[in-house]
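Structure incoming, see below.
In order of appearance the chains are A, B, C and D, and numbering begins at 1 in each one.
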Amino acid sequence: MNPTNYVILASVLFSIGAIGVLVRRNAIIVFMSVELMLNAANLAFVAFARMNGNLDGQTVAFFVMVVAAAEVVVGLAIIVTVFRTRQSASIDEPNLLKY
Amino acid sequence: MTVMPAEGIFSLMWLLIALPLAGAAILLFTGRRSNSWGPYLGVLTVTASAVLGVLMLINMMDLPAEERTISQVAYQWVFVGDFSVDLAFQLDQLSMVFVLLITIVGALIHIYSLGYMSHDPDRRKFFGYLNLFVAAMLLLVLANNYLLLYVGWEGVGLASYLLISFWQYKPSAAAAGKKAFIINRVGDVGLSLAIMLMFVTFGSVNFSDVFGSATNASEGTLTALGLLLLLAAAGKSAQFPLQAWLLDAMEGPTPVSALIHAATMVTAGVYLIARSNVIYNNAEIAATVVVIVALITVFMGAIIGSAKDDIKKALAGSTMSQIGYMMLAVGLGPIGYVFAIFHLLTHGVFKAGLFLGAGSVMHGMNDDVNMRRYGALRGVMVITFITFMAGYLAIIGIPPFSGFWSKDEIIHAAFEQNLFIGLAAVAAAGITGFYMTRMIAMTFFGKKRWEDDVHPHESPKVMTIPLIVLALGSTFLGMALLFWGDIESWLEPVVGFESEPTPLPSSVYIVFTLVVVIIGAIIGWISYGRREVPEVAPAGNWLTRAARKDLYGDAVNHALVVAPTNYAARLLVWFDNKAVDGFVNGSAAVVGGLSGRMRRTQSGFIRTYALSMVGGAVLVIAALVLVRI
Amino acid sequence: MNNFPWLTTIGLIPLIGSVVVMLVPKANGALAKMVALFFSVVTLGAVVVMALQFDANSAEPFQFVESYSWIPAFGINFSLGIDGIALVLIALAATLVPVVILGGWNEAVEAQGSVKGYFALILALETLMIGVFAATDVFLFYVFFEVMLIPVYFMIGRYGGPQRSYAAVKFLIYSLLGGLFMLASLIGLYVVSAQITGTGTFDFTTLVGLDIDPDVQKLLFLGFFFAFAIKAPLWPFHTWLPDAAGQSQPGTSVLLIGVLDKVGTFGMIRYCLEIFPAASTFYAPVVITLAVVGIFYGAFIALKQTDMKRLFAYSSMSHFGFIVLGIFVFTSIGQTGSVIYMVAHGLSTAGLFIAAGYLISRRGGSAQLSSFGGVNKVAPVLAGFFLIAALSSLALPGMVSFIGEFLVLLGTFQQYMWLGALATVGIVITAAYVLRVYQKSMTGPLNPDCAGMKDLNGREITALVPIAALTIILGVFPAPLLNVVNPAVDRVMTTIGATDPAIEVGLAPIDSTVSEGSAE
Amino acid sequence: MNTFSAPEIDYSAIAPILIIFVAALVSVMVEAFIPRASRRFIQMLITYGAIISAGFWLFTIRDTRVITAGGSLAIDGPAIMMQGTILVLALLGAMLISERSLDSLGDSFAPRASALPGSVDEREFTSRGFTQTEIWTLFLFAVTGMLSFVAANDLLFMFIALEIMSLPLYLMVGMARRRRLLSQEAALKYFVLGAFASAFFIFGAALVYGYAGTISLPGISDALSVKTGEGALVLIGLGMLLIGLFFKIGAVPFHQWTPDVYQGAPTPITGFMGAAVKVAAFGALMRLLYVGFSGLRWDWEIIVWIVAILSMLVGSLIAITQSDIKRMLAYSAVAQSGFILVGVATATAAGIAAVLFYLIAYGFVTIGAFAVVSMVRDASGEATHLSKWAGLGKKSPMVATVFSIFLLSLAGIPLTSGFVIKFSVFAAAITAGQTWLVIVAVAASVVAAFFYVRVIVVMFFSAPTENTASVAIPSAFTTIALAASATITVVLGVIPQPVIEMVANAGIFIR
């Protein structure tokens, strides 16, 4: 299969992730959308690694996974704290800081 | 004309000015401390100047005619690039007579004021201002260049301002002073511009340089110079159309009216034109305009003087008219300059006498100025009456009183120039006879029309002695100057003199004029001496009504100048607040409003922020990609 | 010439004074004032000593030159030096500061801000004023130019009237607006100098010698001119001034209008004209138009003002019109006139504001003309000084302002006859509004509210005497000013390549004078 | 298959990063094993010790110019300059974090971030005087990330450094002792948006990798010079990389987190973050643009212009109507980013030097300003509403004066560092022919001056009211940090030459 298709798929996934961030209200889902975007990047890296014929892309993908994991830790910590305080996972709920 | 350096007594020329100036400085700056002796110091300084002036006259008479122009340079005053003006004085025959007029009449009026102002708490200040005036006036006539003359010119204006509004707690006095100053400023514009034009044309503003080179300049330039100087002269000498301030100036104490607004300052315009004779001699149009302005003023003054019930205002109208005569004479050119100065001198003396006499009357009448409440004062104020009569006969021009000689010469010169000018001058002389007779009749003759609490009495000696001296002057000065002093040949080296033949012998004009004057006087006597004078002025005809309103001088000024100025000022204030400042504050408001709106975009919702980031992303990528394509 | 760093010394004295004043205990306000007065008088003394050593006929463009490397990376030096124009303006500043301290003795009240702070700010401002006139490095000039805003900002904002915040902010923002555009031009100038000489510089003398492309000049000129026009203030950039003057204490106004605003006109001569001669010539018609509009605009509005301080502000705007006019007609007479006018205006402004300040403080802070009337009756000395200042403002002949105004008009007339004639008409309106103030406040029936008004005390008189004396002495004997200003102006004229218009006819040869003058 | 060869690593050159990193690791151990009572002291010891020793090390290697760690790290002049700046700012930031005298309850951080706001637990922790010490660990990690960020020479390392820097900050933002709801909200916003931006960054990296076949910046540059086709790929990739970095520097339109986070975060963290993150992110941005994408200069220039103008104008404009001092400073930070971008857009040596200088001076002003903010308090803690600052100049003249110095510096008044940096940036821009950009910047400066000046008006020209906050007496920590910032602000304004030389000697980014 042509690696270009993977890149296109990655772009689609990235877009889905971005749209998810914009339209979903639940903090967890928003967060998952971000992870989807990261993984789209991973896919693109791997696909490009294949196209370029070097391994840099694959290496990057691993690193990104690790980073994503770290991000999950931090992110969930924050989201959980906010959830505990507000009893709501809605991302629109915390709206004290504005203007 | 050779200019001689100042030697001998003439090296004290600066002292003529310095003495009264020092007097003014001491009186004004030492404050209350000099209250007791200040007035006497004021009298002393002017008298000293007068003595010095007389000594200089004696010395000058010893000199040959062509060496009588004496100059004293103090130091280089203003110097920039090509422009260089000295602080320097010049005493010649013309300034000499002015020095004497100013100092002697000035000294007399100072003495008179000792009595007249004896009860005024601000007496010291009054004498300080008077001294300041004398100094400034002397500077005016002694300056050897136009710029320094300007200093004196404005200095007398300042003194006049201060003295008109001397009783400044009266709103009318305060307003009158301001009015005088501002109208004079209009004249100053003329003087300023004339000086500038002189510099641009000749590169110098010294009298000798300007007159020496005047013929090299184009006639257009000289005409412009002449008209500008005329504007200046009209301001200072209350000539049409800048006459409106003089009548209001009578708000000042009477000695001020006598000294400044009759004898000396108001004649400065005549001096200026006589001094600048070379320019007018070469600028026919300017000279003609001078004549026109003068004739208008002669009649305006006379008509106003005929309608006023306020004795000082009537005299002020008369002053306007008489100065108009002088201006007429200078406008006539070399045939008139000498006589203008001649009339200026005699008028200075007799008008000062008349004003002081009026002051003496007011002094006895509780400062009432309304002649309709006078009457029959000849019995209670004998000295005042007699001295006033001397002035009266002088001004209407009855021989051998001094006014006769000078006015007659002017009328004669007018006939030499032009029949109509001559006839006009005669007609005005007739009106003079009318209004002066009216004044005499209302004041000294007829029945008592005094207010109940008024007890007229003769003034103290300190006032009457100056009156007597001035009355003697009114009587004899004309003859003295003409026959003994030989005023024509005395002034000729400075202002030039020539005479033209007239179609008829001189005596015809003299008799004709006298007849007209006497007719005027008789009409005045019949109207006011023989008939009862009503205490409330009758309505009168349109001319009387107009004359009572100063021939609508104020109304015209208001309509043409004051109202438009006010309107423009209000418009600009509005513009400044709304448009200029409005723009500034408006910009601030727009920025603030924009800020307030943009602030709302910060909604606090994460997803809005994310959307804006995506929007930014689209923008960034689009910019990158589109630019490339 | 001796090598003593006069300018640095003179600049430092008030700065040290400012620090010392701040060290005075808060409770002892009187001591702080005395200290401030002492330092300002010492500064004045030092300026006088320096001025006596100034060589009016020196061939050098600048004297008392000092130069230390400051930011070599940008070719910036701490360079000082003065010509005659700078000298007289420094002298003006040094004269007015003690006068303001003495005249504004009671202006600061502890309720608003610290008393000693006010006087410390005045002294700090003096340092900056001296610096701004003495700088011969354009960058250094700019630094002083901008930093000066800060003490004034605090002086207006802390010690001013009810609307002081608004006025102070308006003043600052307006000035910063001009200043920042000037900064852009300044940098542009630096870049241009780098392109021409290879190394960028801010050194004034080097910049003057550069042959900058006229089109570039036109751009750079605008930045400088905009800043100076706001500062001066030229119509229509003036609206900060009435607010600032109306709200600030009289002493602040004196320094603001009397000295600070002169930086604008000083800058026009020194920087706009000399560095951008081609652009100056190009823009002269526009500038002259603005100046003449300003003369009449300010005067007309002054006619209708009811607040004394705002009135003086508008009148100053009119006067600044004259000053700018004199600068941009490119005649030595006009430019010398402008410099004299700057000095004269500084003195008359000081006299007016300080006298008005006495009045206002006696009437509980009201500056409305209607609050007064007949003051001459109760406080003749105050009225007298007020009158002298007012007459100086209307340029009465015999006073130094007359020489300035007349020379400006003469210089204008020489170049543009009709414009000169038009501007001369302005003197009538000046008289009208000046005398209106005097009439409304000092004469007429006594306003009952003014009945108990005390006349001036010794301290107050002492503040005004030097102003009145200088106004008259320099009017009668202006040689000390002209001697130092003339060579400086000649240098400016040479730099910009302008020549005075020729005399039209000139004097007739000597021998012909005998036959002229009078008829035989 | 390629044989694996271990990359050459110049340990000396990267020692500063390693020192801080190791200290962070040790700090984790301390949290795990040391008793609570002595943790704070030891953490502080480790932190200060690490920062100072890293600083000294950096000083000794200041002339190093090397690309190391397999091309991942470039220790060049600008990197060392910025690392030094970050370390000094970190030192000052650490001092603010150490402060315990201002608040009656202790330092600025929640004793237990996990405790529910307003819960019994929280009161319990507070009353028992618990002190949060994890903040130090997070702080050290964040500094590690920053130090790496400015030296990152390939996209992967840049991404990792970005995350190492950001993740601890997300947490630190949420740890305020007071107003915890705001703090947590700020953390959430910062985190979600930050992660979002990171995703853009890494996807952009993927696209660039797809184009260039390498993730090393010099490699990308080489690829750009030889390849011609597939322009869209690299352009979109560059765009997405820029989005990630613009987010960090708070440039419009990626700025909206800034005010919320600045306001919600504990003030010491705001100060540290506002100063140091900006340095780090601009370092990365410049390296990315100059080293990796210099070949696309004409393309990215336009973007930088647009973003610079938007940042300057929007930041300045919105700041005018702010009534909270921290929010106002946040918008001011947005505007300042715009001014710095003007320097970045020049892409000249003078521009780099100007930006470096700007970052140094701005960093100190920011830390100092937030130090003052942390001191102005009323009963409910920090009084950040502007109305409570009314008459502060009368009540506490010294503090108000110092704050005015910072404000005047931000407004760019001469004799403060703020003027010199504006001057340098404008000079660089005009030299580079971008006069029109400077004109916009000047206009924005005037608008910006308005709100800085407004604070002075409030402090000095209004009378104190009963609502006026008072200035708490700080311990030596804040005092020193404040004094140092103020002194540096003035000194840089009066004698900037040494620092100008320093940044000029730093030279350009090596490749």
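FYI, a residue touches a chain if its C-beta (ideal position, glycine included) is under 8 Å from a C-beta of that chain, and two chains touch if they have at least 3 such contacts.
Everything numeric here is computed off the predicted structure, so don't read it as measured data.
Among the chains, the centre nearest to the mean of all shown protein C-alpha atoms is found for C. By C-beta contact pairs, the most connected chain pair is B-C. Centre-to-centre separation of chain A and chain B, using mean CA positions: 96 Å. The centroid of the Cα atoms in chain C and the matching centroid in chain D are 45 Å apart.
As a whole-number value, the distance joining the C-alpha centres of chain A and chain D reads 25 Å. Here the spacing of chain B and chain D, counted between their Cα centres, is 78 Å.
With touch defined as above, residues shared between interfaces to two or more other chains in chain D number as follows: 188-189, 192, 196, 200, 259-260, 450. Of all residues in chain B, those that touch two or more other chains are 599, 602, 604, 606, 610.
Residues of chain A in contact with at least two other chains: 18, 21, 30, 91, 95-98.
Inter-chain contacts, as defined above, occur between A-B, A-D, B-C, B-D, C-D. If you check the complex, the residues on chain B that touch chain C are 1-2, 28, 31, 75-83, 87, 125, 147, 150-151, 153-155, 158, 161, 165, 168-171, 173-175, 177-178, 181-182, 185-186, 188-189, 192-193, 195-197, 199-204, 208-209, 211-217, 221, 277-278, 281, 334, 492-498, 565-566, 568-570, 572-573, 576, 580-581, 584. Within the complex formed with chain C, the residues of chain D that make contact are 393-394, 397, 408, 411-415, 419-420, 422-424, 426-427, 430-431, 435, 438-439, 442, 445-446, 449-450, 453-454, 456-457, 460-462, 495-497, 500-501, 504. Taken together, the chain B residues at the contact with chain A in this complex read 599-600, 602-607, 610-611, 614.
Within the complex, the chain D residues that touch chain A are 2, 113-114, 116-117, 155-156, 159-160, 163, 167, 170-171, 174, 180-182, 184-189, 191-192, 195-196, 198-200, 202-203, 205-207, 209-210, 213-215, 259-260, 263-264.
Residues 588, 591-592, 594-596, 598-599, 601-602, 604, 606, 608-610, 612-613, 615-617, 619-621, 623-625, 627-628 of chain B touch chain D in their complex.
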